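Look for subunit A in each of the two complexes below; its partner is subunit B in the first and subunit C in the second.
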Partner chain A sequence: MIAETGHFALILLMMLAFCQAILFSPLGIVFRRGSLGLRNTAHLQTAGGVSSLDTGGQHGFWHHFSSALLTPGAVRISPGASLSPMPLWPLPVLICLLALGAQASQIYSFVTSDFTLAMVAQYSHSSTPLMYRIAAAISPDCGATLLWVTLTSSAAILFLIQNAIFKKAENPQAIVSVMGLVVGLLAASVLIDGTPFARLAAPPLDGQGFDPQSQDILDLFYSPALYAGLSGLSVIFAATIAALPRAALHRAWAEMLRPWTLISWTLLGAAMAISAYRAYSQQSWGNWWYWDASENAVLLPWLLATAFLHCLAVLEKTEALKPWTALLALSAFGAGWFGTFLSRSDLLGPLPAALRSSGDNAVLLVGFCVLFAGAYYLFARVAGQLRENADFTLVSRESAMFINSVMLAVAAAIVLIGTVYPLFLRWLGGTIITVGPPFFVQALMPVTLAMLLLMGLSPTLRWRVDGAASVGRRMKLALILSIIVTLFVWMRHIDAPSLPLLGIGLAAWVVTAALGDLWEKLWRHRDHGESKYRNIQLLGPRYLGMSLAHIGMALLIAGGSASSIWEEQSVLSARTGQSIEIGPYNLQYEGVSLLPGENFATRKAKFIVYRNAQPVTELYPEVRYYPIRGVETKESAIWHGRDGDLHVSIGDRAEDSGRIVDVRFLPMMPWVWAGMLLILLGGIINVLTRMILLFKKNGVSAP
Partner chain B sequence: MSLSRAKSRKRQRLYLASLAVLAAAGAAALGLTAFRDSVVFFFSPTELAEQSPMSPDRRLRIGGLVEEGSLQKLADGKTVTFTVTDMQHDVQVAYTGILPDLFREGQGVVAEGHMNPKGQFVASEVLAKHDENYMPREVADALKKSGHWEEIEAQNAKNMRN
Partner chain C sequence: MIRLLRLNGPLMLPMLALVMALAFYARPAYAVNPDEMLSDPALEARAREISEELRCLVCQNQSIDDSDADLAHDLRVLVRERLLAGDTNQQAINYIVARYGDYVLLNPPLKPDTYILWASPFILVGLAGLAVFGFYRRKKREGRTTPANLTDQERKRLNEILNPSGD
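After this line comes the complex of A and B, so read on.
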């Protein structure tokens, strides 16, 4: 009964969401006037914001009609008509409550292991620990889309709260309308593509169990982070659609979207970091990024959101780059949606017919086409009319950030092509090709290097106008230092390949430039008769967050490059008591013991790690056997040392009665993880301090 | 004064736009080169047999079903060999290292590596990063081509019911 209630709530939600989309749009105004019995709906007038778009009188009627369609808030009912504006709150709140109800009922059926539900029977088991039953509710396809619906409708509420406090949005009606459309389409996808509430005619006694590969604490947070990030992008998308027809992409718009951008950017980054670390600790070959479709599905929106984040900063400062920023805002959400579709459609690998119950996500695809065809059509129509006073010169922070955002978009395009092209070729019936890591590394590395070059440079550039000579003077030290680092590394490892080496050098450039700039700002500036601490405060959260994220990115690239060059590996068949040398470490294999787990049996090996004959730590790589699914998983054990990661995994018993052991030493790999954490920390600091400053009355306001 | 300023501003923006286009074009060119160099083609055992001998320098992917009973562990303790088949032709694969979690006899597998002169496929990676009931797309296509897809699928469905 609970599940049926949830199902009903979802159906009701979908209908209400489409109602919301219509009622808050200009169509809704026409519609409501009609239903109120007011005749002559044609004399709608458009507000001043639109009249600037009027280019000529020839197609006046169509123009009026379409601008009435496109600009809900701008439509003003002619005097005399008594039509109050739609109240903003009731519908979104109702929808959000329904979504929460549906989500709760679905999670409830998983928690209570109601195997009459097809989805519970497929993804859960009575022996699955409680935490992973909840994970099973939200991570498979249809469950994840339901989570997406819930989070998007909650994001709409958060937007309304933000709007109530700050009143930044010019026409919240339109934003609410677009959010309604997004929620409605997603809910339709849940209902039609594969509902999580379907009952089985002949329920099994027990389920098939949770996917053992995802049974991990970190993995619990992957779906929530990813879909929360995507919901944040949907608010940005809605706000852009609302602002485009009135050409209202101005400072207030940018300020309103800033927290949304930062939060969704951070969440998408967190989702990527989780998937990277999981891949790293689960596969025996110590790889942390596979460039497979589900990873690219997150990388794409993240790249575009990063580009958008930077352009938004430019727009907020100088009201420049409006069309480009709008395009990025639309594309970021579009990439997120398309990536989600791609990673779960059977384009990438058909399921056997016996399993093909979850449909082919047709609604998700149709929804994508409808939503984004409309969005890009709107963009194409109005982009030309976006006025901007772009009085910045070639050498200025604006142009550096613009070029960098172009590079990010190009990187996204490369990732998209690499993901989609093989599918396209296969669809044409041609040869089957694989576009794997070599392609992505080779194609993206030059773009990344150019971005790193600009990344070091642009924070030190002045807004609007800067001189090449003075830039050279400022960057002299950083340039010299980074060349020294590159030469030093090159001298020590003369046969290292050139691209990763350049990566290390440019990473050094970014770090020295960022630190140099920080030093300049902290100590070279006059301290206004107060302590240096005051200078740190004056820098503001945005600057600190940016510096952290840039340094983090540099560390990530440097660590990734270095570990790819200097990785050491040894695969052997080890016997108890045998000692294995790798990098600076010496491991002693202490044998395997068979232990029971929560819902698995595990063979846990013990290694004692020595460094310079001193015991450092003990590592316990495992092979787990999950009897429910009859699947083995390997959990590597990792030691993050000061100069590299020690990565140990075990395999089967070997023919000579030893055990296969795969030991790797990945130099500078901790830099990658530290870099990811710093990037996330940059985003979190930026968001949190902003919030604290807002609520602290006597605080220092952000510059 | 203001006119010339406007003009110079226009010129600056033109420079900027051309710089952006140049960057994008350069990246696209690099991407295309990377494509030519690093795309790995997929072969089913039948296609491999048709095109043999294959140059040992060429990196390729093969896929099919792991033949039942073909998995052997060699005496050095860390190398395994197995036979990949599309029910028409076979190819022997050697791999040193730990096999992925979902590797099983009778299941689909994709391996990346190169052919050695003896006609053995030396895999540097064995890929099975997927659900246990899921057939890699390439393998499914290869089996369809060899005309054995239906029986495999029927067998899979039977296994699932058990």
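After this line comes the complex of A and C, so read on.
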């Protein structure tokens, strides 16, 4: 019964969401006017201007219907009309409650292991630990889409709360309408593409178990972070759609979207960091990014959200770049949706599965096409009307941020093309090819390096106008320092390939430029206040978050480049007591023991790690066997040392009856993880301090 | 079986052994391991180099060097056999491609089917460059190159605000 209730709630939710989409849209206003038979003259504002028409008769109704259809969002009731606006709260709250109910009933079915449900039977087992049952409910297939529905409808409520407190949105009705459409389409996808509430005619005695690869604490947070990030992007999308027809992309709009942008950007980044670390710790390879469809599905919206974040800052400051910012806002959510479709459908998997691809998730695809065809149509119609107030010169902060956002968009386009190219080539009857990491690295590295160059420069530039000469004077020290670093690295490793070397040099450039700028802002202008701490306050959370994220990005690039050049590895067959030399470490292999886990059996090896004959730590790499699915997984053991990661994994017994051991030393790899954490920290600090400031100042926006 | 695994009694170890024996029976071949390796380190290094460019056919963008799949193991062995037979790196790769198609190459080869793919970064960068160039050109044509400087009056007012004490 519980599942049926959830199913019913979901169906009701979908219908209500579509009702919400229509009722709050300009169409809804026309409908309500028509059905109420209002005979009074109402002032309806169309894109062409204000027209005063009799809406009582059939002619008026159809006239407004068609005008509302052709210029969506452009029609609204002027204050003089007798039709009261729809109350904002009831429908979204009801939808959110229904979504939470459906989600709760689905999780309940997983927790109680109700194997009469097809999805529970497919993804869970009575021996699956509780937290992985919950993960099984929300991570695979339609469960994930249901989570997306829940989070998006919750995001709509959060938006309403924000709107109630700060009154930033000019046209909340339209935003609520678009959010309704998004929720409705997603709910339709859950219901039609494969509902999580379907019962089996002949239920099995037990389920097939949750994917062992995903049974990890970190993986629990992947799906929530990803879909919460996408829900945030959907609010941005809705607000852009609502603002476009009246070209109302101004400062208040940007200010309203800033927290949403930062939060979704941080969450998407967290999802990427989780997937990178999991890939790193599950493979013996020590690789952390495979450029496969599911990873690119997160990278795409993240890149575009990053571009949007920067353009939004420009727009908020100088009201410039409006069309470009709007395009990025639409595309970020579009990329998120399309990426989710790609990773969900089996179109891009490994070959055997991809050739059998069934075209499932059709509703997700159709919904995507409908929503974004409409969105881009609207954009194309009104982009010309967006008044540009681009009052800046080529050498200015705006320019640097604008050009960088263009490059981020180019990078996103390259990732997209690389991801879908094999698919289209196959459909067009060409050969079947793989576009693997080498393509992405070669195509993206030059773009990334150019972005790093601008990234170091941009925070030190002045808004609107700056002189090339004065920029040169300011950046002299950073330039010299970074060249020294590059030369130093190059002299020590003369045979190193040039691209990673450039990466390290440019990372040094970004860090020195950021630190130099910080120093200049803190100590050069002492007269700002009594103490230097006052200067820190003056810099504000945005500056702090930005600096942290930029330095984090530089560390990530430097670490990734360095570890790719100087990786040391050895694969050998080890015997108990044998010692293995790798990098600065010396590992002593202490043998393997068989141990029971909660729902797996594991072979756990013990290594004692020495450095300069001093014991540093003990590492326990494992090979786990999950009997339910009959799958083995590797859990490498990683030691984040001060100059590099020690990455140890074990394999099977070798023919000479030793144990296969794969040890790697990845110099500077901790920089990558520290960089990711710094980027996330930058986002979190920015959001948190802004919130604190907002509430302290009682509704006045932060500097 | 899994219920028995949780027992902490005398049955546990035999059960574990049984489970692991089953696991052993269904064992995947692990990523590159010493049994496959060639005794000549130079040849082995070349084999690793080649393996990194070949895709495991049944995995997501993993090289065969990295993959636990049986098929990847077979390919690794095949590469080493070709090298022992005296092939150059390119010959060994060609041998595999002739049997499995371009799909095994992680780095897509440059040929008519992939011209668009390899040209796309250049096209995109070019288009973006043109768009940015056009943006600044248009701005210049519309005479908005530099924001208007402050008038003398504004400058005076600004000075008053910045230095209220009048120093």
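Operating definition for what follows: the second predicted complex is superposed on the first by the 641 of 703 C-alpha atoms of A that agree within 3 Å, B and C clash if a C-alpha of one lies under 4 Å from a C-alpha of the other, contacts with A are read in each partner's own complex, and residues count from 1 in each chain.
Please note the rule applied: contacts are C-beta pairs under 8 Å (C-beta built on N, C-alpha and C of every residue); 3 or more make two chains touch, one makes a residue touch a chain.
Please read all numbers here as calculations on a predicted model, not as lab measurements.
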item: Partner chain in contact with A:L479 - subunit B first, subunit C second, else both or neither; value: neither
item: Subunit B versus subunit C as contact partner of A:V410, first or second or both or neither; value: both
item: Partner chain(s) touched by A:L88 [first = subunit B, second = subunit C, both, neither]; value: neither
item: Contacts of A:I433 with subunit B and subunit C, given as first, second, both or neither; value: both
item: First (subunit B), second (subunit C), both or neither touched by A:Q213; value: first
item: First, second, both or neither for A:Y290, with subunit B first and subunit C second; value: both
item: Contacts of A:R629 with subunit B and subunit C, given as first, second, both or neither; value: first
item: Subunit B and subunit C footprints on subunit A, overlapping residues; value: 283-285, 290, 292, 349-352, 390-394, 402-403, 406-407, 410, 413-414, 417, 421, 431-436, 438-439, 443, 446-447, 571-573, 630, 632, 634, 651-652, 654-656, 658, 660, 662
item: Parts of subunit C lying in touch with subunit A, wherever the complex brings them together; value: 1-3, 5-6, 12-13, 16-17, 19-20, 22-24, 26-35, 37, 53, 55, 57-63, 65-66, 68, 101-109, 113-114, 116-117, 120-121, 124-125, 128, 131-132, 135-136, 139, 144-147
item: Subunit A to subunit C touching residues, read off their complex; value: 127, 283-285, 287, 290-294, 349-352, 390-394, 402-403, 406-407, 409-410, 413-414, 417-418, 421, 425, 430-439, 443, 446-447, 464-465, 571-573, 594-596, 598-599, 601, 603, 625, 627-628, 630, 632, 634, 651-652, 654-656, 658, 660, 662
item: Residues of subunit B defined as touching subunit A within the complex; value: 9, 12-13, 15-16, 19-20, 23-24, 26-28, 30-31, 33-35, 37-42, 61, 73-78, 96-102, 112, 125, 129-138, 140-141, 153, 156-157, 160-161
item: Residue ranges of subunit A touching subunit B (in the complex, touch as defined); value: 211, 213, 283-285, 290, 292, 348-355, 390-394, 399, 402-403, 406-407, 410-411, 413-414, 417, 421, 426, 431-436, 438-439, 442-443, 446-447, 450, 571-573, 629-634, 649-652, 654-656, 658, 660, 662
